[in-house]
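Next up: the structures, one after another.
Across the two complexes that follow, subunit A remains constant while its partner is subunit B and subsequently subunit C.
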Partner chain A sequence: MIEINNLNFGYSKHKPLFKNMSMRLSNGHIYGLLGKNGAGKSTLLKNLAGLVYPQGGQLDVMGFNPTKRQPALLSQICFIPEEFYLPPVKIDSYLKANAPFYPNFDHQYLATLLKEFDIPASNKLIDMSYGQKKKFIIAFGLATQARLVIMDEPTNGLDIPSKAQFRKIMASALTDERCIIISTHQVRDLDNLIDTVIMLDENDVALKASVEEITTKLTFKKVKEIDESIFYAEPSLSGYNAVMPNYHHEESKLDMELLFNAILAEKTKFKPLFS
Partner chain B sequence: MNRFGLLLKRQWLEFGKIYLISFGVLLGVLILFYKINITEDNLNSRYYNSLNFRHPLFLVTGFIFISITSSSYFMNLGQKPKAIINILIPASTLEKFLTAMFYTLIVSIPSYLLCFYLVDAAFVSSIRDSHTLTSSYTDYDGKKIVIDHFAYFFSTETAIQFRSFYYMPLLINSIFLLGSIFFKNFHYVKTAISLMVFVVLWIASTIYVMSKLTDNTVWVGSPYWQDETHIFFATNLVALCLTMIFWLITFIRLKEKEA
Partner chain C sequence: MEFNNNKAIYLQIAEYICEQILLGKWKTEEKIPSVREMAVTLEVNPNTVMRTYELLQTKNILNNKRGIGFFLSDNTIDQVKQYRKTSFMENELPNLFRNLYLLEIDFDELKSQYQTFVTQNFND
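Coming up: the complex of A and B.
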């Protein structure tokens, strides 16, 4: 689906964001894109959608070069930006103007999603709250049936019930044909949703591994004391939350926040496990 | 073709509002100027130049209307959230560019001319119903020329001469369309200032160069450049070339636009 080879990009020449980044993303997965502020999560997503031009390397998205912005590729991309704009028109007018550009647009599915998100179809977009607008743009994007779904901080502005709805809808939106990439700071919003974690740090991919691979190789548990086998630990009320190699094939639940902090703090310890 | 049609329809949602507001303001301004300038006193006093206000009005409102509509077309691309949506619309860059040309050229310019024509026709018809004012002179060939001082604007001698400058709206369109994609904000003001600076520099440098080249000299070459039709042809050619260059740069900027 997506192949990134030696991607180089930076907004200024002296401050590169990506240096020779390479990665391959496949259909049928929900990728969680994590990273510190300024690590380049949004920029990577923009590179994939052809919104910015790489300074070096090759990008292949569904067989297309995204920088050429060919309509055949654009009709297969659903991009939900962090900051978005919707014109001051009724939902109906918006659909009439935009939906025909997507050959597989599913009006029935959109109606179902709007109902699930509790957005009346007769609403004017300008009269909606930020959260409602976000839900509308997510619903519209999914109804395009685009094969590549890119979401930048999709849960920002959503209330707690909407976040749960979002997770449910996204889980059901995944098909064998689709690739979904979600970037977020709020890792807990992606709990039980993503199947692969991509972490960006220091101009490159610090980690790319499936949840299954991570929990096979690492174990996340509470411990009373820290010993040498522990890769990383954070103090908690009853001791420490720790990440350690899973030598005994123990089953544990991935703690994404802990993993995120662990990778950033102890990158060298994790590298041999996931290289 | 179908996609281009869809794009025209979609862009109307964004551009239509600005266009209709500009058109409404234009209509109001034209009516206001006609109302203020055409007074019963003027008509009864039989001033030959009662309707002469129309020529500067035509030029000034034409410039403002065409420059505003052209300048507002790509201004959304200066704001990231709007730019993202516009760039990701599944249509080619050429289709997006042609849509801009359709609205800012094919729709805006004829609609301006039609608006001016209708307002002028409405006011001048009512004058012609109750007043007539003509004068005449004999030209070099001994032919008697009659001037109708209450003629419709587009049939006046001055308006006919404007036709030689048919490239001006195209040039204005190309400059302001380029400005709308070149600048991130305050597109109109920045383009207008750039244009003003360019025009001043152009005039000053032309005067300087020509005076350096021709002061204390006598023309001994062919009289080609002393024929005003040749000068007009050269001016039109340069203006049309500049227009094409500005459109080409606009297209390239649109292709390279990032969000």
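Coming up: the complex of A and C.
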């Protein structure tokens, strides 16, 4: 689906964001893109969608080069940015102007999604709250039936019931033909939805591994005391939440926040396990 | 469904399904929820549910009829009990034993408590 080879990119010459980054993404997965503020999550997504151009290396998205912005590719990409603009029109005129760009646009599915998100179809886009607008562009994006779905912080601004609704909608939106990439800081909103973790740090991919691979190699558990086998630990009420190599083939639940902090703090310990 | 303990999500889903079977909520001849339906209900990645269904297939609890969907196997209740029993013995019993030992609880006391529990919860 996506192949990134030696990607180089930076907004200024002195501050490269990506140095020779390579990665391959395939269909049938929900990738969770994690990284500190400024690590380049949004920038990577923009590179994939042809919104910014690489300074070096190759990008292949469904057989296309995204920098060429060919309609055949763009009609297969649903991009939900973190910040967005919606014009002061009603939903139906927005659809009339924008849906024709997507040959597989499914109006019935859109109606279902808007109903699930509790948005009246007669609404004027400009009169809606931030959360409602966000839900509208998510619904529109999924109704395009695009094969590549890119979402930048999709749960920001969603209320509690909408977050649950969002998880249900995404669980049903994943098909074998689709690739879904979600960047997020709100890992607790989405951790059961993500099957593969991509973590960006220090101009490169710090980790790309499926939840299954991570929990085969590492175990996440509460311990009373810290010993040398532990890679990283954070104090908790009843001892420590710890990450360590999975010596005893335990099947623990991935704690994504703990993993994130662990990799930032102890990168060199994890590298040999995931190369 | 709340995922709260430290066990892998796909195993927690397996336990949930076993519970549905033991409680008689799913019948042998009926098709069980598809991977997608289950993923939507539980708000989890369909690949995780697929992993659960594959596990339960290897334990002879589920059958995959190609093109139709997943069904319970004929002797599913026995298989579920066996699977749950092994998992209980391996994962929960050591913890229970540890507490029995530390708190010096003897087996006679435990037995009478157990019988009271069974009468209160299951004999109606």
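Note that the second predicted complex is superposed on the first by the 275 of 275 C-alpha atoms of A that agree within 3 Å, B and C clash if a C-alpha of one lies under 4 Å from a C-alpha of the other, contacts with A are read in each partner's own complex, and residues count from 1 in each chain.
The definition used in the following text is that contacts are C-beta pairs under 8 Å (C-beta built on N, C-alpha and C of every residue); 3 or more make two chains touch, one makes a residue touch a chain.
Remember, it's a predicted structure, so these values are computed and weren't measured experimentally.
**Student:** Superpose on subunit A as described above, then tell me if subunit B and subunit C fit or clash.
**Tutor:** Here the two partners, once superposed via subunit A, fit next to each other without clashing.
**Student:** Applying the document's definition of touch, where does A:S75 land relative to subunit B and subunit C: first, second, both, or neither?
**Tutor:** In the superposition, A:S75 touches subunit B alone.
**Student:** Identify the partner contact of A:D195: answer first if only subunit B is touched, second if only subunit C is, both if each is, neither if none is.
**Tutor:** Only subunit C; A:D195 stays clear of subunit B.
**Student:** For the superposed arrangement, I'd like the angle with vertex at the C-alpha centre of subunit A and ends at subunit B and subunit C, nearest 10 degrees.
**Tutor:** The C-alpha centres give an angle of about 150 degrees at subunit A.
**Student:** Go through the superposed model and pick first if A:A164 touches only subunit B, second if only subunit C, both, or neither.
**Tutor:** Second partner only, subunit C.
**Student:** Which partner chains sit in contact with A:N98 here, subunit B, subunit C, both or neither? Use first/second/both/neither.
**Tutor:** first
**Student:** Report for A:K46: first if it touches subunit B alone, second if subunit C alone, otherwise both or neither.
**Tutor:** first
**Student:** Quick check: superposed on A, how many Å separate the nearest Cα atoms of subunit B and subunit C?
**Tutor:** Distance of closest C-alpha approach: 28 Å.
**Student:** Subunit A residues touched by both subunit B and subunit C?
**Tutor:** none
**Student:** In the complex of these two chains, what residues of subunit B are touching subunit A?
**Tutor:** 3, 6, 9-10, 13-14, 79-82, 84-85, 87-93, 95, 255-256, 258-259
**Student:** Over in the complex, which subunit A residues touch subunit B? Could you list them?
**Tutor:** For this pair, the touching residues of subunit A are 46, 49-53, 69-72, 74-75, 77, 79, 81, 83-85, 87, 89, 93-94, 96-98, 100-102.
**Student:** Which residues of subunit C touch subunit A once you look at their complex with the stated criterion?
**Tutor:** Per the stated touch rule, the residues are 3, 5-9, 11-12, 36, 39-48, 51.
**Student:** What does subunit A use to touch subunit C in their complex?
**Tutor:** Per the touch definition, subunit A meets subunit C at residues 28-30, 164, 167-168, 171-172, 174, 192-195, 211-212, 215, 220-222, 251-254.
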